[in-house]
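What follows is a set of structures to go through.
In the two complexes below, chain A is the common chain; its partner is chain B in one and chain C in the other.
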Partner chain A sequence: MKKIVTTLLVAGALSVTLSAKNWVVNQKGKTFIPSKLTVHVGDTITFDNSDPFAHNAYTDDEANEFDVGMQPTGKETHMKIKSKESFNVECAIHPNMLLEVTVE
Partner chain B sequence: MIIKLGLSALLISSTLFATSDMSKWIRPNEVPQPKDNKLTKDRIELGKLLYFDKRLSASDKISCATCHAPKRGWTDLVPVSKAVGAGRGPRNSPTVLNTAYLRRLFWDGRAKSLEQQALGPIEADVEMNMPLEVLIPKLQKIQGYVKLFNKAYPNEGGINNKTLAKAIASFERTVLSTTAPFDKYAMGDTKAISKKAAKGYKVFIGKAHCADCHDKFNFTDGSFHNIGLKDGDLQGKDLGRYNLKRRAAWYGVFKTPTLRDVTKSGPYFHDGSVKTLTEAATICASGGRYKNGVKNKSTYIEDRHLTQTEISQIVAFMKTLTGPDMKLKIPTKFPQ
Partner chain C sequence: MKKSHAIISVLLLVSVNTYASDALAEGKRLYNETCISCHGATGATDTDIKLIVKPRKLKESILSAAQMVKIISEGGHTYGAHSDIMPAFKYVYDKAQIKSIAEYVSQTFNSQRNARVKKHLSEANVQKIDAQKMYKIGKKIFKRNCSLCHGLKGDGKSIYVEQSKANKEFLYPYDLRKTILSEDQIFLMVKFGAHYWGADKEDMPSWKKKYNDTKLRSVAHFVKTKIVGTD
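So, the complex of A and B:
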């Protein structure tokens, strides 16, 4: 019984350590909020859009390349961290918007 | 080196202050400068000589200032520019004014800095048509330039592609708008613009949604849009930013231009197809020149149902964004 409990505890601890986390980034005032993130491989980033107009988050970083496409107000989009390469996210419409993602 | 700005002087000397909702129209106190090309007097003066020197073109007849002339709103006032020879470029000459604040240069944003931008028109066959492998040795034979480059950029290898780009970019970084009537209005001087223009400002930031893109002190947020100047898809036509990468959002999009000194820089839009501010405002606020069936037309371009009176108010407002020409001594003698 003790062995089973110990095994469950270890497994539980591992799952907490390894479980992917979801990070929420809002697009508001033509700014990514927050503008910097530290994430792990397997995590996801959810992009919200609180601006009254469309955005289009993307990165050209080869290891984590994604393009959420045109994202109107209120729509939610997601991207998954695939590789341990840090990268920058921009908006395809507003290049002044910059999100720095550090992958650990 | 901090470039002291005319508007900053106004801030100090005046008892006027911008209210919080007007503060976004006030210019930042300093001009952005890259770490490896900080502004110095030597760099600016060298860049100015290069900017106006026609020997930088294949024909010795065209300088940067030919298509971006200070007395023509830093443009050339024609729909598309004349190139070396008999040709013409494909796009309207964009103003150099306030480009120091932009993160993307050219109509399609293909350059990320003024240093990246500076050499493009020199080499372009539809512009100055001067290959750098020809230009650099040509400049290296001009002893006056050798001395000036060594002074402005010591220990950077003399005259080369990088120092040439840095010098021209340094001068371009000093091409700045001056205090316009609207700046005084934003600082609290309610009489600085007419009542009609003040109404136009309200329409501009409100019903017409112009400020969705023509935002902040430079009246551009640097964003890219397809505003529906052409109908249907653009087969065989200018694809804009899409030429850089086949990203769906970039199909037929071009950069939002500044509205600073806009009365000096017509004709308007990337193809120079519009002669008046009235026509430009009407196109943008009525859903584009072509309303339907435009591939990737910006969702920002909608019919805002403006009246003719409101359009004329917006135009009156835009005219208040023009200030006096910046002080500039144009060189007439060049290094030999």
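So, the complex of A and C:
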């Protein structure tokens, strides 16, 4: 019985891991590309700075709160979706950059 | 007696007008002798000069004539510009000459400045909140946004600037500790961005889409009370 439960737990965890997706968002021309994303809890968003200057990405959403700090050209940063609450990501340096993230 | 008073008044008026017009003519002459090479014939920076930081379009400047006198005399660096590309002309011209240049620029290229500033200030929708609350809001936004370029101390030194330099992205945020801008002017600069006020690029962007007037006014209040004059 114990063995079966363990197997089921491992399989469950594996399926969550396998189904979790990584979404790449490019920071280019002072915009997030794409500017809208629909994701699931457990997914990861990778921010990839292609601009010749530094960027930042943050959200003030309490459930998914994160701030990558300073992100130089060519650097990738990652955020994991922790909560089923939609939120916006902004750049603290460039006020017109906006990424709308819908969590399903 | 009355007649002689009237004659004296007319003579004084004529002499004041002549003096003003002479000063303006002198300002034009000096401008065309020196300033024109960077700022252009119409104050629109319509020149071929190649500088790291393109000179400001004087016809869009937020500065009053009195503030221009300070910048022309002491140079941009003294009042927070990163470089000394705008040099101190007090070694070249005397006070009267510098004043005449500032008056010429203000009256000829930038005659709409006062009306423009006044219009934007009267249109601003700033809620009345106490100074302490304003300071708190301004501090939070300054730390979150402004400090990434201007530094936490407002001295224009930040990681962003260093990283951008490495990528040959020329970005030179002002040392806010030295600015001569008033709180009203800082508010308008933050709201509309430096490009709107004559800077070549959008390095200092407009924050009006992100924050409302009350919040932007709070930033200006924080900068003026906490940062300016601390160097």
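The criterion applied here is as follows: the second predicted complex is superposed on the first by the 87 of 104 C-alpha atoms of A that agree within 3 Å, B and C clash if a C-alpha of one lies under 4 Å from a C-alpha of the other, contacts with A are read in each partner's own complex, and residues count from 1 in each chain.
One rule holds in what follows: a residue touches a chain if its C-beta (ideal position, glycine included) is under 8 Å from a C-beta of that chain, and two chains touch if they have at least 3 such contacts.
Everything quoted here is computed from the prediction, not taken from an experiment.
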Determine, for the superposed arrangement built on chain A, whether chain B and chain C clash or fit. clash
Does the superposition put A:P95 against chain B (first), chain C (second), both, or neither? both
Only chain C stretch among 8-16, 26-34 or 62-70 with CA clashes against chain B is 62-70
Jot down the residues of chain A that show up as touching in both complexes, chain B in one and chain C in the other. 52-54, 56, 70, 72, 92-96
Tell me, which parts of chain C touch chain A in their complex? 144-145, 148-149, 159-160, 163-164, 166-169, 171, 205-207, 209-210
Chain C partner, complex, touching residues on chain A are 52-54, 56, 70, 72-73, 90, 92-96
Flag every residue of chain A that touches chain B in the complex, lowest number first. 30, 52-54, 56, 58, 60, 67, 69-70, 72, 92-96
Using the touch rule from the top, collect the residues of chain B that touch chain A in their complex. 103-104, 109, 212, 215, 221-225, 245, 247-250, 253, 299-300
